[in-house]
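These notes concern the structure reproduced below.
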Amino acid sequence: MKQLRTYNGEQAAQARIGQVVSDLCDERSYRSVYHRANHDVPMPAIERLSEIVELLRAILFPGYFGNSEVKPETMGYYIGASVDTVYQLLAEQLKRGYCFSCAETETLDCADCERRARDIAVRFIERLPEVRHLLSTDVAAAFEGDPAAKSSGEAIFSYPSIVALTNFRIAHELYRLDVPLIPRIITEMAHSRTGIDLHPGAEIGERFFIDHGTGVVIGETSVIGRNVRLYQGVTLGAKSFPMDDKGNPIKGIPRHPIVEDDVIIYSGATVLGRVTIGRGAVIGGNVWLTRDVPPGGRIMQGAPDENGFSGGGGI
Amino acid sequence: MKQLRTYNGEQAAQARIGQVVSDLCDERSYRSVYHRANHDVPMPAIERLSEIVELLRAILFPGYFGNSEVKPETMGYYIGASVDTVYQLLAEQLKRGYCFSCAETETLDCADCERRARDIAVRFIERLPEVRHLLSTDVAAAFEGDPAAKSSGEAIFSYPSIVALTNFRIAHELYRLDVPLIPRIITEMAHSRTGIDLHPGAEIGERFFIDHGTGVVIGETSVIGRNVRLYQGVTLGAKSFPMDDKGNPIKGIPRHPIVEDDVIIYSGATVLGRVTIGRGAVIGGNVWLTRDVPPGGRIMQGAPDENGFSGGGGI
Amino acid sequence: MKQLRTYNGEQAAQARIGQVVSDLCDERSYRSVYHRANHDVPMPAIERLSEIVELLRAILFPGYFGNSEVKPETMGYYIGASVDTVYQLLAEQLKRGYCFSCAETETLDCADCERRARDIAVRFIERLPEVRHLLSTDVAAAFEGDPAAKSSGEAIFSYPSIVALTNFRIAHELYRLDVPLIPRIITEMAHSRTGIDLHPGAEIGERFFIDHGTGVVIGETSVIGRNVRLYQGVTLGAKSFPMDDKGNPIKGIPRHPIVEDDVIIYSGATVLGRVTIGRGAVIGGNVWLTRDVPPGGRIMQGAPDENGFSGGGGI
Amino acid sequence: MKQLRTYNGEQAAQARIGQVVSDLCDERSYRSVYHRANHDVPMPAIERLSEIVELLRAILFPGYFGNSEVKPETMGYYIGASVDTVYQLLAEQLKRGYCFSCAETETLDCADCERRARDIAVRFIERLPEVRHLLSTDVAAAFEGDPAAKSSGEAIFSYPSIVALTNFRIAHELYRLDVPLIPRIITEMAHSRTGIDLHPGAEIGERFFIDHGTGVVIGETSVIGRNVRLYQGVTLGAKSFPMDDKGNPIKGIPRHPIVEDDVIIYSGATVLGRVTIGRGAVIGGNVWLTRDVPPGGRIMQGAPDENGFSGGGGI
Amino acid sequence: MKQLRTYNGEQAAQARIGQVVSDLCDERSYRSVYHRANHDVPMPAIERLSEIVELLRAILFPGYFGNSEVKPETMGYYIGASVDTVYQLLAEQLKRGYCFSCAETETLDCADCERRARDIAVRFIERLPEVRHLLSTDVAAAFEGDPAAKSSGEAIFSYPSIVALTNFRIAHELYRLDVPLIPRIITEMAHSRTGIDLHPGAEIGERFFIDHGTGVVIGETSVIGRNVRLYQGVTLGAKSFPMDDKGNPIKGIPRHPIVEDDVIIYSGATVLGRVTIGRGAVIGGNVWLTRDVPPGGRIMQGAPDENGFSGGGGI
Amino acid sequence: MKQLRTYNGEQAAQARIGQVVSDLCDERSYRSVYHRANHDVPMPAIERLSEIVELLRAILFPGYFGNSEVKPETMGYYIGASVDTVYQLLAEQLKRGYCFSCAETETLDCADCERRARDIAVRFIERLPEVRHLLSTDVAAAFEGDPAAKSSGEAIFSYPSIVALTNFRIAHELYRLDVPLIPRIITEMAHSRTGIDLHPGAEIGERFFIDHGTGVVIGETSVIGRNVRLYQGVTLGAKSFPMDDKGNPIKGIPRHPIVEDDVIIYSGATVLGRVTIGRGAVIGGNVWLTRDVPPGGRIMQGAPDENGFSGGGGI
């Protein structure tokens, strides 16, 4: 055994690899999976969007994230610098998002994308005080709704519900401003991290809490009132969706549930279609539901428990 | 179009951003979402806790994690250095955890936090041989319980069950030492990575195995015997929890199931409340259960399968 | 209080830590959790495998991942360099995988591992055009199957289904080439990121789509046809598995479902054992199924919905 | 001692810090040290320029830098990808450089900067084969001129002379293309790393070698022939420079030496002004020289050495 | 050849390595090269000090370093956040510096170090406006003194003189506040990067410029007036230093030159001892000088040049 | 202006870039600057060598570098782990160095390189106690020789002389073991950082000190006794070197100075050729010397200073 690898072997390997490269560069191979940058503007950068979200977390929850020694006296510095940095970074990513979407429409030009991106970035930033307010009610709901919570600070710092809702409420503001692509990326970041899949199009009221959360899915046209509590594995989905003439689903039609104030939905329950769960209703675990529930209604799987209601899925 | 962005546009943007910064720095806005560092001691650092957990993984499973060329002759060096580093890093993080909790209680002073942190760090470290022993039984259970497993090494190196249980068994020791906040962060790290949500307060015996694992939730006061096997989506939760006079949940009451030795619970099953699943019982998939099950009992959804028992959810 | 920490305290701490180190280095403690590198070849490196998968993503979806300004004129450079780098990195990791598996068999020598690794790496690379083709059909299925999708590019760039299937289709090719350990690591990466647990051994046809995906489990011997759609929380699992004389599960027996073309399985459904779901069948949400379903069959939980079929779990 | 730090102390500190911040933000304080981004285009990024230079090093010396397993069969991939990446990155940095220089001139608009940057980037790239040729002669000169060199590969991989000349020859091409700012940054990178300060404006022929190099300075209008060798601490500088009416130095006048072919200048020698060192001349160490030297001339400090010529400063 | 490495060979290697470890851990071996942390406070961290210096560079030269899109409207945010971060980071490093020096003196306790560190950090910060003012004069001197400089921005962004003086002027303020160790580390950072070795104890007036700079050394007790210009390789050193009874040099005695206003010293000149170079004097290149020079004096090496004065070493 | 960049422009640019890539991949272009990996073993990795040197610094100066809280009780862990890691990393890099050198000789095979690398790595490690001893004498010399030094710890932690000598003494041991390439890389690292260029072949006795150091060059065959002190800019070089028949310098002949014990050489002095500077001699600054100096001799530039001896260049 003179040589670990014969030269011939490597040469043959190179030839075979060369053939694969050639095949992969054939236009027929890459046509449907290739994105050609419009105006040479690159794709939105996931790392940058992630950085933006972390900056926003630090802005929204000062002292918990970002510099943890921020004081009331110095808060203006840190929040000011972070907000302005968000403005710069977000404007750039929004521009990339608009250019990406040009791929289909071809109607924008770059200066327009730039101007629009800056304008939308400012309008988004103006929503931050309201976003913080909503999140503060979510924090209160988490602390009050979970017997295992030791403090509201613990919820802010470590609860997946707050992680997911922070990303969602950010993404929802961008969605409302008709930003393409990026809202979905931001909620997917939280989906990946928490297992909670909140479509940025959903409307969610204050004091929302999702305990544990893994497997929760809330669809694009869902409407959720205030003080609603969900457990892991709950789906608010579409029952079916109408197709157009070509057999493609028609997009944008209301097709997910309306959940009114003070509703609780226990783990594993599935609610499908444009149904309404009335105020104060309780949906038991693993329930499969495709009909309206009146206010105060109680739906549970199988026979009622002898101890009375058995819906709890909390920890 | 002489300029891509008019100066006026930018100036107006800056003014609007300045207003937002001002609003966010108003004490009424940040009051309930701001953490002021006690004694100027910063928050526990997630990256550092993550580093500690990775060091512990290398200590517990030498050769699999950390330096993969460790030999019996050199093991003392690597384990010694890692254990001492864990001691230093963990003591610092524990101190931060105590100071964070001072926010509520105001009764500690920093030198005390420091001393306590060092003391607890040593006591935690003394539990490592036992933690490793328990994990070695979990590895054996994983290998024996999964027909797809090719070797116990594969389980150690790539199974989410072992990832989640390593974090859990570390966090549980800290929980037993009354460490605030940090145990929960450590189990959340594993929750995020594996979809398995194990509260650090749960008591879990040896030879525990969770197959696939996504969506599993085990609550704070659960008690699990030895040789128990769970599949994805299983919940051991609370049925309901008593409220105090103000309507807040009373914390710390036993409210989760007791699962005795040799029990199997198939995918999607939900067990709620302080019920007891007797030794050797089998709970079928998607079952919703709020009552005791006697030793050897078999609970399944709907009618029994004509082929006999139908609970399997394994891969 | 003269000193923050007394020397005696620290000395005692060091002594106790020293004892723990000594205990952890006792062969009885580490025996079953220690991996001694065969031929001093280290463990496969997770970071490197992750880098390989990201390079493959850039090869398979040019312009979306990797350099986003790649043009038809320069595609040969980028794909060529990435494919050759994958070849080099993958050959190294495959060698590590083979050496890791030597631990049990002791029959290989290192030069053989090296040669085999290079050979398999080339054979894997030759499958890339087919992998890309399959993924392009998955992208089409995702776009057509989700009313919330705005473009196929959005699916490529941000859908967990495409993330998981990319890792799966890569891992599956390696699995078919009898590569140990590494295919499972690659699907676990996607499991951790998406909550979708696809065993690399499964056979999955073209145009496969998993909506939302968290909690999906597809077992090792599953066979899935073309144009199949799944929702979150679906399990294709084993019902039970035969044991050998020693009570260990017998490995490698077909034990998971066969799902024929054009089947839809809604969220939370569980299908167990070597059953066949016939062409065009629809399985409703949360259904528990251990029997064959004929072509065109419709299985749903409880009574049929008054509005007709109620299986939808889409968003 | 109840508290490590009194609150009053910190409050006073914050007030004093606040005053400093206020002073530093006074326009009178920052006026002459502040750069306002023209057209909001940021400064050239040092890290990016450094990345560009490392890519160029990999292009110019394949196998030594960048991927060290590049083969003739795969060279096209790696060099192609690297050259195209240089094109993209450099065009961006050139644009920033032009915009930075707009600060003084105000006459460019951004689209023009963009177009110019792309054009110049291509023209620079077209010079790379010649740059490589020149560097290959420098490598040969280093190997032949240093008795301590074991191979030309050692010179390429580890000699400061080659590091400095690579940066210089890159920067010089950009300088010739009238690129502002960036050429100087690129030679300063090498100056910082090697102690060799080559102004990008100098003209340097092939087969140039600088042994050891620390402290060498070669001024902007120097002209150096082929096969010239320098040792550490040599200065080719200006003797004096004419001032304009306001007492500022007049820029751009030839004011540094002309060094003809085959000259050797030993360590610590200083040559000042627009003098000519004739072909084949030898300048001894520490010599201070402000006059022409005829071809073949020998200049040395003090009396000639009894052993004959004493100029050597080589190692 | 069955095995690449025999087990015996590795075992012997391990034994020999074990012996070395044992020797290195013998107190006689490490005694004089070991630092035991006082009060368990670690060494100053070079990376942190480097971060502090970069933050200061961004504060002193806004728009050039740090965020390059800072505007007058947002400057308060960025400078405020940076100054407060410097305060926090520097206070920590100063504490470490004090604790390090306790090694010799044993008289401080940790709370005192902490308090002192915070106090000195504030006092340092109060000097920043003056430091910026001095540096702005240095920038003007660089631009005016170098015919190759295209703009003062180019000098700020890329001249080693400004790099070295920024570090020096920062370090000098700390030196004046009697901070141990850290000032020297900060000037060494610049020494390493630029080859310019400025002792933090030197006193240097405004409008100071060092062209090229490599090899410049300015000693601890040097005193330099305003508008002084130096070229590469200039030494302002001590001629000799008195010893104490034990033969150790007596520390702190003025032993370096006084250089008055408007002096120029050309490349390679050496000035030694407590001599005075009078106002407006010019010292030629490579001159060796140990005597006073009267105001307006001109010192040069060897005979005067026939073209008149020959001291220039500029580029 | 409809489009920022015309498609035609870009297409032409791509064509021109394609031509350059093609030219650079022509074998005639890359022949003399390309390294083809022998046996596919890559080049030594600079980052890894840098990591090795930093590990060695932590081993040699415990508490100053690496973990700064190492205690006598835990020193064995840290030094053991670091030494074993150095063994593993260095063996790999040595193998690469041997394979790189095979390029010229073609006589080694890889298994041999591997074995030799491991053997040499152990033999190097066995020299570490002696290396530490020598460095401890260098530290003492630095502290005693520099009036500005406040403690020997300051010298260890921040003096370029100690940085350079640590790299040198490591590299010298490797040089003595006939390791190719790598010793030079290690001294070049220090050269780049400190401006001190010590060839790894030089022999340097204990208690060596180089003050300031920038520009110091010590050639390959230099021999330096004990207790020698140098200042910045000193060269110990070759006067001239004999050529072979082809006009290439003959390598390996003693051609640099011998410097006996207790010699001081002041800044800027140049000593060339195989001359001997006798014990206790003092060489003045900027002196140019090519002859022997007797023991106790004093050589200085020009006329003696009226104050007596004028050689000092210290700070």
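Lettered A, B, C, D, E and F in written order, each chain numbered from 1.
By definition in this document, contacts are C-beta pairs under 8 Å (C-beta built on N, C-alpha and C of every residue); 3 or more make two chains touch, one makes a residue touch a chain.
What you see is a predicted model, and the numbers here were worked out from it, not measured in a lab.
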Reference chain E; chain at largest CA-centroid distance: C
Interface with more contacting C-beta pairs, comparing B-C to A-E: B-C
Distance between chain centroids, defined by C-alpha means - chain C, chain F (Å): 49
Centroid spacing, where centroids are CA-atom means, of chain D and chain E in whole angstrom: 23
Chain centre separation in whole Å, for chain D relative to chain C (CA means): 50
Multi-chain contact residues (two or more partners), chain F: 1, 4-5, 10, 17-18, 21, 40, 69, 71, 74, 76-77, 79-80, 83-84, 195, 214-215, 233, 268, 286
Parts of chain B lying in touch with chain E, wherever the complex brings them together: 10-11, 14-15, 17-18, 21, 71, 73-74, 77
Complex interface listing, chain C residues touching chain D: 1, 67, 69, 74, 76-81, 83-85, 88
Complex interface listing, chain E residues touching chain D: 59-64, 68-69, 71-72, 75-76, 79-80, 83-84, 87, 111, 114-115, 118, 122, 125-126, 128-129, 132-133, 135-136, 139-140, 144-154, 156-160, 193-195, 212, 214-215, 231-233, 267-268, 284-286, 301-302, 305-307, 309-315
Parts of chain D lying in touch with chain E, wherever the complex brings them together: 1, 4-5, 9-10, 13, 16-25, 27, 29-30, 32-37, 40, 42-43, 100-101, 103-104, 180-181, 184-185, 188, 191-192, 195, 197, 199, 201, 214-215, 217-220, 233, 235, 237-241, 247-253, 255-256, 268, 270, 272-273, 286, 288, 290-291
